[in-house]
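Labels A, B and C are assigned to the chains in the order they are written; within every chain, residues are numbered from 1.
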Amino acid sequence: MVGAVVKSSWRLGDLAQSLGLELVGNPNLEVHSLATLGSAGSGQLSFLANPMYRRQLDSTAATAVIINPQFASDCPVAALVADNPYLMYAKVSHFFDRRPRPDCGVHPSAYVATDAVLGAGCRIGPMAVIESGAVLADNVEVGAGAVVGANCSIGANTTLHANVTFYHGVKTGDRCTFHSGVVVGADGFGFANDQGQWQKIAQVGAVSIGNDVEVGANTTIDRGAIQDTIIGNGVILDNQIQIAHNVEIGECTAIAGCTGIAGSTKIGKYCTIAGAVGIAGHLEITDRVHLTMRSAITKSITEPGSYSSGTAMSTTSLWRKNAARFRQLDEMARKISRLEKLLKSQQTSDQ
Amino acid sequence: MVGAVVKSSWRLGDLAQSLGLELVGNPNLEVHSLATLGSAGSGQLSFLANPMYRRQLDSTAATAVIINPQFASDCPVAALVADNPYLMYAKVSHFFDRRPRPDCGVHPSAYVATDAVLGAGCRIGPMAVIESGAVLADNVEVGAGAVVGANCSIGANTTLHANVTFYHGVKTGDRCTFHSGVVVGADGFGFANDQGQWQKIAQVGAVSIGNDVEVGANTTIDRGAIQDTIIGNGVILDNQIQIAHNVEIGECTAIAGCTGIAGSTKIGKYCTIAGAVGIAGHLEITDRVHLTMRSAITKSITEPGSYSSGTAMSTTSLWRKNAARFRQLDEMARKISRLEKLLKSQQTSDQ
Amino acid sequence: MVGAVVKSSWRLGDLAQSLGLELVGNPNLEVHSLATLGSAGSGQLSFLANPMYRRQLDSTAATAVIINPQFASDCPVAALVADNPYLMYAKVSHFFDRRPRPDCGVHPSAYVATDAVLGAGCRIGPMAVIESGAVLADNVEVGAGAVVGANCSIGANTTLHANVTFYHGVKTGDRCTFHSGVVVGADGFGFANDQGQWQKIAQVGAVSIGNDVEVGANTTIDRGAIQDTIIGNGVILDNQIQIAHNVEIGECTAIAGCTGIAGSTKIGKYCTIAGAVGIAGHLEITDRVHLTMRSAITKSITEPGSYSSGTAMSTTSLWRKNAARFRQLDEMARKISRLEKLLKSQQTSDQ
């Protein structure tokens, strides 16, 4: 969270005030770190969001617990009362995030092209590279070894962690985070076939990324063939995701790790796509679609809702028998039809 | 395309001459960039390859269109007439590719071992590392932060984009492209089991890559256990592909993103492997095989053709019912057989 | 193998002594490299582990073969007799591994924070970055361009290959290997939903890795939300694996490439997980479980054994028919039940 103040410990009274929460307990108690209900000790702050963990409340050794009004009176220690304890935990978590950041300014070992423009408060880590014509707004952080290609435009308060790579011409909004190993703007996979040989198509589009986007480690987002690949505001992407050229992802859509989206597919807003999903190219997925883990999506989806494919797991010995039968599924269906007809004709002839 | 001249704009007459195409229109008109038929404006060059987009031709605002002879007379603007407009678009796209490249020579911040050999026209970017004994042919480009391991041999006109990593002893042909985050020559996954503990097997082979190979962002190609992992001429690999040790891939085979190929498998020539396919180890896939998206391949394929596995998507509620039945598939097949026998015996006894 | 001596060639007598094996043949013969039985020539050492290759023994041109007692008398060349030839090959392979390593000490182009601590014999490659407060034990190797985040703790004899990235606070044991492109300690994918917007949860845990762990190229291991993500002793991970926050992996478990494990799942000891498996979050997989290639695991597994999901491959034309029927599977099962009942009632009425 931009601007969160990180201190070595927090008075409960100050926390309550910062978060706008009611405190039931001694405002002078202090907490220095976060912990789960079951593992928390003295000086730690915990939360109760999932009723499954209700029973851990009675014996918690936390100094304070973020808790909803329903359970607050059962809390044996100080309570920070919140209607949505999980959301409040998300907000307070940044008060205890002690990630060290590169110093303000440009590390002496970094390379910044003479015509690159850096806003106030930028932090450029060791061995980072900012190529010619790149423009970084205020408070941009570029980690060790990260590379910002020529003519990139990076919005304010955006962070590129160590060893991120941006090709030329990538544009991002404000408050984005790119984790290590992310590659944005590599060539899309575009080739024309010339009697068996592949003739490469230059990928002259770029990548355009909105505000408040998070991109997980080793995720790749290719540049567009002609127009840009587009990632909307508030999109969150987990690790090892592949976004092909000219994909468009709508606002606030969340995608879990290892998912791949083929070229020119458009994903709507407020979708949630689980891990290792595969989505074919040139499809349209409407808003508010949920795709379950490892689904293979080969057709456009026009109605909001949840979609799946695949088979459920079983022991390998049972699976082998069933998987072999899958090859006979159409034949089985035809046999059933024949049996139905046969029985029907029997019944008819019996009458 | 090696040697493509990039200018700020092109006269149509010059383009037609460079590409060997007939021009129907004013040769003095100029185009400065590419666009799709639907979005093109004045000064832009477009193409009509897919008949699906034929209707966009009538209203296009492009200055010129690459088009096949069949539609040329319908073209409301200048026409560059080509038998294969998509292939011609591929070729012309490089005339408009304005990717900035590192300057010729070695950037002052790069490290080149004293006994590495660099051909004429090499471009070594900021923070790049060329280790001892590496030999780079003419016009090799090594992007910012890329690492060329000891004793590598890189063919002429090959490009390693920023933050590519080559381990020692990797050999590539000419005109190859390796995108950011690619790792070539990491250890194959070879271990002997010693009463539950894993004893690592040193991977003493290397990786041998042909000419005109493209490797997408964050793809990994492991070094061989004893002999080399081999990538044939003209192979194109998309992003996030895993090629295990001692895999061999035949000429001009194309593989889409997120596919994984396990150790020692041999893939033939002119295959097309779609996204997120998994291929088990020690298999042989013959030439001209097509594998559809997310197929799981666990047996060798000896006949050219198209192969698939998986299930089609449906709503999650319907899928749950069907996936549960998958576990009973063998039992269902046996029931059908029993019913068939029963009915047959009935009919026999009825006669 | 730590401490393996690599020489340009080895006397068979010395090899036999180093490995504790019986030599049948001339101890003064020398071998300079490894080869498979079929490809070996003079001066090469081979092994016979898989009986499938027994027939290659008769015509091998190897100078010596590691072989079990059963086949030793058939060996036409010098024999190094071992009860487990594959394991012995694993051990001897390191004697022939000629991977160049960075020189001892810190390369002049590397950056080491003034308050980082380096043990004896550390090798820090060109452009590597060791951030503030990091502690490296003896003989740690950090490859070119690799980044060790602030306050990391790296055990003795551990190797980070080129362009590895460790975020702050990562802890590893001794004798670990991290291949290029690995990212350890990036943020887990933790967000609270606030009326459609995603509110990021700071990931304040770290990653704790045991001894003798190997992590393949471009694999990602996220830091914990509150507590640490934990990788046990002797775990081996292949390339392009995604390990989400707060996953725990038990001792000596092996995981093949492209597998993804979602948050907070616990994997037992001595498991073997094949390639491209997907495991959902918050599950427990007990010890000694085997998961076959591309399985989707959505429930905890409490019994050791082998588990699978998916369908077997077929030609695409056959697959299309069967995959379409998958959507009718529940309906088919109901039809079978109806037929069974109908026939049963017929038989009853017939009696």
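The rule is simple: a contact is a pair of C-beta atoms (placed from the backbone, for glycine too) under 8 Å apart; a residue touches a chain by one contact, two chains touch by 3 or more.
A quick map from chain label to UniProt name: A, B, C = UDP-3-O-acylglucosamine N-acyltransferase.
If you're wondering where the values come from, they're calculated on a predicted model, not measured in any experiment.
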Rotation, 0 to 180 degrees and nearest 5, that superposes chain B on copy chain C via CA atoms: 120
Interface residue identity across copies chain A, chain B - same or different by half: different
For chain A paired with chain B, centre-to-centre distance based on mean C-alpha positions, whole Å: 25
Per-residue multi-chain contacts in chain A, two or more chains: 127, 145, 163, 181, 218, 240, 258, 310-312, 314, 324, 326, 328-329, 332, 336, 339, 343, 346
Interfacial residue positions of chain C with respect to chain A in the complex: 111, 127, 129, 131-133, 145, 147, 149-151, 163, 165, 167-168, 181, 183, 186-187, 189-194, 196-204, 218, 220, 222, 226-227, 240, 242, 244, 258, 260, 262, 278, 280, 290, 292, 295-299, 305-312, 314, 318, 321-322, 324-326, 328-329, 332, 335-336, 339, 342-343, 346
Residues on chain A engaged by chain C in the complex (per definition of touch): 1, 33-36, 39, 84, 86-87, 89-91, 93-94, 96-100, 107, 109, 125-127, 143-145, 161-163, 177, 179-181, 212, 214, 216-218, 234, 236, 238-240, 252, 254, 256-258, 270, 275-276, 293-294, 310-317, 319-320, 323-324, 326-330, 332-333, 336, 339-340, 343, 346
